[in-house]
Amino acid sequence: MGVKLHTLADVCMVPLGTSSASVSDFVALIETRIRQSNLKSTLHSAGTTIEGPWDEVMELIGEVHQYAHDNGYVRIHTEIRCGTRVDKFQTAQDKMDTVNKKIQNLQK
Amino acid sequence: MGVKLHTLADVCMVPLGTSSASVSDFVALIETRIRQSNLKSTLHSAGTTIEGPWDEVMELIGEVHQYAHDNGYVRIHTEIRCGTRVDKFQTAQDKMDTVNKKIQNLQK
Amino acid sequence: MGVKLHTLADVCMVPLGTSSASVSDFVALIETRIRQSNLKSTLHSAGTTIEGPWDEVMELIGEVHQYAHDNGYVRIHTEIRCGTRVDKFQTAQDKMDTVNKKIQNLQK
Amino acid sequence: MGVKLHTLADVCMVPLGTSSASVSDFVALIETRIRQSNLKSTLHSAGTTIEGPWDEVMELIGEVHQYAHDNGYVRIHTEIRCGTRVDKFQTAQDKMDTVNKKIQNLQK
């Protein structure tokens, strides 16, 4: 796979067809798998943001699907928000820092 | 509007048709508006999670669209991840606490 | 609720904690409920697009959550793509017609 | 990339930082690119559903980002709903057929 564009991908993954409505066991399982990769990620209450080259990020998300299936989850539903830009390089932390600074300026 | 179900709604809002590819001014503007409401919200690098009764949360998101239009943004594109459940009450912080505890257990 | 902005909202709704991984019973149930409203909607393989004033569209989606809970679904996870614009009025069909025409022109 | 799981990925892609609020030129451009691939896709008013092995689908979406950048779009924001399942093979058309049949049964 040849797409090297840097992306920030925010991933929300849920299992379908589990007898319990709780998904925290599932989220703990996949989050542990995500953290075994070399890519930087940040967990929040509605998903995990993964940063890196497009091909590596999307391969990781696919591997996590495979890992969940291997652990007995029959069906996985995922929603990904992802962006690429060619005007500058930006991490998730950069985005937060910029927005937080501008929020402070608006409140002055 | 009569839907009182408690929801956690994770909102990612972007403006279309702005001359700059930067959206941090926009995000700072709408985040400031969101924080003027009575609803609890948490900002992260890919959106904001808003908590409360369905009707109040969705009305707030609509008001933020209107506010952005009033501030000169012609078109707004939003993506919302939202859930409701009737087996128990859960805040965004509750979800994080449960998952973080289970991640620690998996790593033992 | 006072937000009258016209919106196109594309809704993907799934149940969590069902013993079967199949969601077609659920989708048929909620789609039937959506069609009982006065709002125009269009079903596709990854969701349903609902058109109308912001407050009516979001109230309908909340009512569908409530309806699903009333029918025994404990937890619902929904993803909504929605847009508003103030430069012109546009239906889902308008969007399709414009894009299809431009695709034909590119292929000439 | 080695993830061969079959996926249905529904993709909504928008450009940021374009002087016009219209995105139909952009959508026509990327839709034409998507149709040049070997993967089956279906356009609807809120996105395009692409079907195939995980690695090929995600590589195609990345290539479309690259193609849009090559055509002058500085920043691209994409939202993907994607699912995998290991209990059975299902196309987008299969999903529609099953749901439509069940809707008809509910209306009897």
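Note that the chains are named A, B, C and D in the order they appear, and that numbering of residues resets to 1 at the start of each chain.
Criterion: a residue touches a chain if its C-beta (ideal position, glycine included) is under 8 Å from a C-beta of that chain, and two chains touch if they have at least 3 such contacts.
Here is each chain with its UniProt name: A, B, C, D = Thiamine-binding protein domain-containing protein.
Everything numeric in this text was worked out from a predicted model, so none of it was measured.
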Pair with more cross-chain C-beta pairs in contact, given A-C and B-C: B-C
Self-contact between copies subunit B and subunit D, residue sets same or different by half: same
Geometric centre distance via CA averages, subunit C-subunit B, whole Å: 19
Whole-Å separation of chain centres (CA-atom averages), subunit A against subunit C: 25
Two or more partner chains touched - positions in subunit A: 12, 16-17, 21, 74-75, 77, 79, 81, 85, 87
Overall pattern in which the protein chains touch one another (line/ring/star/complete/other): complete
For the subunit C and subunit D complex, residues of the former touching the latter: 8, 10, 12, 21, 24-25, 27-29, 31-32, 42-47, 49, 79, 81, 85, 87, 92-93, 95-96, 98-100, 102-103, 105-107
Complex interface listing, subunit C residues touching subunit B: 1-3, 5, 7, 16, 54-55, 58-59, 61-63, 65-66, 69, 74-87
Subunit A partner contacts - residues on subunit C that touch it in the complex: 12, 14-23, 74-75, 77, 79
